[in-house]
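Note that the chains are named A, B, C and D in the order they appear, and that numbering of residues resets to 1 at the start of each chain.
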Amino acid sequence: MAGSVFGKELVMTTWGESHGAGIGVTVDGCPAGLSITEEYIQTYLDRRKPGGRDFATPRQEADRVRILSGIFEGKTMGTPISMMIENTSQRSGDYGNLATTYRPGHADFGYDAKYGFRDYRGGGRSSGRETAGRVAAGAVAARLLEEYGVRVQAYVSAIGPVRCDPSRFDTEEIGRNALAMPDAAAAAEAAEYLKKLMEEQDSSGSEVTCIVTGLPAGIGEPVFDKLDAVLGQAIFSIGAVKAVEIGDGTAVVQARGSVNNDGFYMKEGVVSKHTNHAGGILGGISDGSDILLRASFKPTPSIFREQETVNQDGENVKLSIRGRHDPVIGPRASVVVETMTAFAIADLFLRNRSSRI
Amino acid sequence: MAGSVFGKELVMTTWGESHGAGIGVTVDGCPAGLSITEEYIQTYLDRRKPGGRDFATPRQEADRVRILSGIFEGKTMGTPISMMIENTSQRSGDYGNLATTYRPGHADFGYDAKYGFRDYRGGGRSSGRETAGRVAAGAVAARLLEEYGVRVQAYVSAIGPVRCDPSRFDTEEIGRNALAMPDAAAAAEAAEYLKKLMEEQDSSGSEVTCIVTGLPAGIGEPVFDKLDAVLGQAIFSIGAVKAVEIGDGTAVVQARGSVNNDGFYMKEGVVSKHTNHAGGILGGISDGSDILLRASFKPTPSIFREQETVNQDGENVKLSIRGRHDPVIGPRASVVVETMTAFAIADLFLRNRSSRI
Amino acid sequence: MAGSVFGKELVMTTWGESHGAGIGVTVDGCPAGLSITEEYIQTYLDRRKPGGRDFATPRQEADRVRILSGIFEGKTMGTPISMMIENTSQRSGDYGNLATTYRPGHADFGYDAKYGFRDYRGGGRSSGRETAGRVAAGAVAARLLEEYGVRVQAYVSAIGPVRCDPSRFDTEEIGRNALAMPDAAAAAEAAEYLKKLMEEQDSSGSEVTCIVTGLPAGIGEPVFDKLDAVLGQAIFSIGAVKAVEIGDGTAVVQARGSVNNDGFYMKEGVVSKHTNHAGGILGGISDGSDILLRASFKPTPSIFREQETVNQDGENVKLSIRGRHDPVIGPRASVVVETMTAFAIADLFLRNRSSRI
Amino acid sequence: MAGSVFGKELVMTTWGESHGAGIGVTVDGCPAGLSITEEYIQTYLDRRKPGGRDFATPRQEADRVRILSGIFEGKTMGTPISMMIENTSQRSGDYGNLATTYRPGHADFGYDAKYGFRDYRGGGRSSGRETAGRVAAGAVAARLLEEYGVRVQAYVSAIGPVRCDPSRFDTEEIGRNALAMPDAAAAAEAAEYLKKLMEEQDSSGSEVTCIVTGLPAGIGEPVFDKLDAVLGQAIFSIGAVKAVEIGDGTAVVQARGSVNNDGFYMKEGVVSKHTNHAGGILGGISDGSDILLRASFKPTPSIFREQETVNQDGENVKLSIRGRHDPVIGPRASVVVETMTAFAIADLFLRNRSSRI
């Protein structure tokens, strides 16, 4: 039980259902003295908002965050920071026909199996909307990391067969196109691909990449709370993620040690590496290089095509999903990956303060 | 700090360095009344032991587990189960020349950056030997799951370019060959590949697959302690893992929703799925299908070839590693994947007891 | 850090400052299927409200609780229950002169020493108002316990030198008098005593007793999460508590074993005890008898009499506190003791579900 | 479940039954670089050992602690410190007749009610012997606190009706007499009292006082992990404790605010207090004064006098306890109070490192 709490020193507790009163989060353990504003947090929330992007659902979610506690005269007080986003767009009629049917690819069946019943309105707690709380919490973490020169940036690196070309990588481009890709050409190509899929009442998988720069060596706690282990939990806790990779990821299976080992060398007095196959993590501890992670998102399970499924009475039925659904998850989820990464790292960053007497 | 504790209801705390007095673990929270013996736990430990397998290091580690508490008259009492494996093979001279040099691909530099110094003998706490404690703890968890008809099985599915052929899959074969592969032909081919790499003083990456059968629907806690999130942490906490995949894993990036969605249907009164792209987890909760996960292990970083690196005085140096090292990690690590999976699932299984009034 | 989270299976996270936007709490881990309403929770909050009692401060705090998540069609869903009480009465001018001065008996100096600054408006996070969140969370726990026949009742057993007479004990009386005492005569006498103290610009200590009935034997987790240990933390976490006693409490120092041991005997097939010196807890585990605990509250530190203190510039100053303050803490705090007791027991009650296979 | 884990940053997990292989503890989260030896820890264990004191049981427990991990070249490495005390004195025949009978004042019945069965040999996990693990862990914490000038000292302040006279307080005396009292005259009087009780086959209650000096202001985490709340859990987790008091404790019930408030004043540039009724804790945070706590221990429940009780078959029976039992708990438990206090404070001390950016 009690799976809505994350972190050990920096702890967030999220709450809220898709069609309830709102979505919220409490961040406990943020050190005192950090300057932070609602506007700062709002910029993160705006990035996961639909409506601002062509391929996102046309719902008008205001998603205005309100800080309810923990900040005094513009600074964190060391006390819990409670934030809430009221639910304003709740056309509950949209989802009524799903009350008794289990959508393929969704948690409906699992929730019923677990709890005996569920909030069938818009996915309830298992809705993607739940991530709004985490994004707000992760924005606080990102603000904290900023203070120490650590920066976290996520983007969409692939949609279906379309993959960004590293030679065209442009950070500025991430915020310019509707698909959060750092490669304008790939974004255009992916847009075409998605358009075709939508015509076919289908959806696409996607990949989000996240890079952390400026993290000093020594962050991460052996044995179970290794940096990659905590990131693993953080990223897999995002709905629809089916794979998490650090550094070279699955490619290491075919690699040889003589190539995969990143040789150390001294660069301007700092221990550096010639390559970064490890993605900045060795033995679960940061090595001072950039942290590199990738998350593979499955295709949006809500598709308009008629599907076979069962209902809660144990009958085989046909299901047609209506409503508004993104054809791809990555573009809106990239900020969730970014903020969850920031939160996980900020927690370990604080925990590291006790590593030496 | 305090990263050697794992689990919420079923909690393990591991301890021990490679060349200290021993390796151990305490399992707290195991329900009373479970029959368990040292022999049962030993069978798991024997699977990670070197010496019994051709391609593993020739060290003779006795690795005899001793149960120190928590069992009375052959049954768990509900009190902490403490287990210890004494270190018997400690030729400390083997590692002396590594006291001041950072091995590429290892945690040496990270430990020094974090703690200011480290136990340089055999990797200390970051040694693969640390996993003996987890294996013992996971064996207890596996015994607990067995009681409820849940079975966990891991094996090596790929070594370098050699991949098992699903059409030749044979569970019995896993225990027969030195590489823990369920495909005798692939095992033979992989053995040739490893022999060649060893001649080249090199090492290979590998992939471990783990399957959980018999797990009922409803296990896993939304939001952060989803079944896949907890597994993600559990598996990434194993050294050398660079990717964790659930179900189709990274392949979902290129998938379409119409194919990736596993349609539900009723099979003999049970909610079933035509396919299992999801790997048995939807929205972080088990759906009653088999749980499928894969872990990608990087090549053994300890290779005999001379490498470039730096020492703790910040000098560029050449390093030649001596001693005994496996050319591939997967075969010995597969039981670690299996037991960590068992432990993570057993914990969530117990936590689920509070899902309903 | 992160000290606003309490419980292991049933977990609450509170937030909010006295003069911020509101006070709130999220309860994670409540099993699904429990009927609960805002009205039910409100009855608990009303008991800690000032204004309804003669000797409480005349502030008009509406203290209306709003359930923001976790309840669907009148029942808990197993997801986090978020509750909020908006702050409506915030005459911030009342407290302005305390911005730089440390009130004796308050946490002002400690907060500054810890965090470098503090919300000086009404005590901020250290205000008694913070307890509103816990009371709401504890009301959920009380509702859960009710389902299993467990009932928790707290009352004021002493105010200054006035102590309730057990021979006049009347449960109904607790809700009838302004001092929450189960003895009308003692309540009248205590009221006289408090009136005199108020004329002298002074305040009184008090004692709250709490009784838990219907708790089965076997609740409480050895070694550190014994029933009394968790209750100890829960009750000491309430501001102004300086002693917690279980059963005979401090009187055991002078007792003899032959008297203090509660002999067991069979009563209608149930293991019972002739006496209950132990207060229902043996070895940290409930024994099936009533749980008896007492909390000693210090006198309200906010008194109108001029006091000597220092300010944040390190100067000795005189302080005169204005505003509205209760002359005694127990009457309003009794519901806090009751709900914290309920929460602690509900958590251990759920944890006990894993005691056997 | 899982109640044998204590602490958040500095975490201990204890294990072991009275008549099993041994008693042990793992301390995770101790910062690297702390000098510590087995001899240092042994001095703490020796203080809880029977045999060295006239009124303690005549068993010859060697109680030699062995450090199994976490220390390298005399210093903590930041990795878990595992310590074990082998059980050497196990005359299991002594306790055989208690296998089916519930001793009054003991946890026997509760364990059976909880787990379905229990280790009846010497109390199993609920034996006082379990505290050896905590004492070893607390000794590490005491060593850590020493590094920062914090000193923890516990002693017996009362046995039955005999109370130490503050005017005769002598720290040196604590280690000199068999009853750990800081007042030689009181110790002599208490010895007479105990001798008389032993003749009457009876036992006495006792009080242990603990003083912490040198703790800076600002330690303790609002709201639930207040310094007094964490101490409350720590001390109540020690068997036989029925009351915990901070500062004036239960006396505050009869106190007035004008007296109970400790006025602040500046003393050599430091915020100080004229009195210390608060026992060094205000609002759950240390105020820079000495921390004062008291624990009331019930009389030893094992008495030789025949007692009425029931057996596990639900029959009323007479019970005569044999074996070796102290007539009073305080003298041997004082070091347990001291080390649990040290551990709780060390944990909060480390947690405070994240109070500010």
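In this section, a contact is a pair of C-beta atoms (placed from the backbone, for glycine too) under 8 Å apart; a residue touches a chain by one contact, two chains touch by 3 or more.
Since the model is a prediction, treat every value here as computed from it, not as a measurement.
A.B. asks: Listed by label, which chains are in contact with chain B and with chain C?
C.D. replies: Common contact partners of chain B and chain C, which must touch each of the two, are A, D.
A.B. asks: On a CA-centroid basis, which chain has its centre farthest from chain D's?
C.D. replies: A
A.B. asks: Please work out which of C-D and A-D is bridged by more C-beta pairs in contact, and write that pair.
C.D. replies: C-D
A.B. asks: Using mean CA coordinates as chain centres, what's the chain A-chain C distance in Å?
C.D. replies: Averaging C-alpha atoms per chain gives centres 39 Å apart.
A.B. asks: Quick one: report the Å distance separating chain C from chain D, using the average Cα coordinate of each chain.
C.D. replies: 26
A.B. asks: As a quick test, compute the distance in whole Å between the mean CA positions of chain A and chain D.
C.D. replies: Their C-alpha centroids are separated by 46 Å.
A.B. asks: Would you please write down the residue numbers of chain B that are in contact with two or more other chains?
C.D. replies: 1-5, 8-9, 14, 29, 31-33, 78-79, 114-116, 125, 222, 350-351, 354-356
A.B. asks: Taking the touch rule as given, give the residues of chain B at its contact with chain C in the complex, in rising order.
C.D. replies: Contacts found on chain B: 8-9, 29, 31-34, 76, 78-79, 144, 147, 222, 350-351, 353-357.
A.B. asks: Which bits of chain B are touching chain A when the two form their complex?
C.D. replies: Residues 1-6, 8, 14, 102, 104-107, 109-111, 113-116, 125-126, 130, 158-161, 197, 200-207, 216-226, 228-237, 239, 241-258, 260-266, 269, 271, 274, 277-279, 282-288, 296-303, 305, 307-310, 314-316, 351-352, 354-356.
A.B. asks: Show me the residue ranges of chain D that touch chain B in the complex, using the header's touch definition.
C.D. replies: Where chain D meets chain B, its residues are 1-5, 7-11, 13-17, 20-22, 24, 26, 28-29, 31-33, 66-70, 72, 75, 77-82, 84, 114-119, 124-125, 350.
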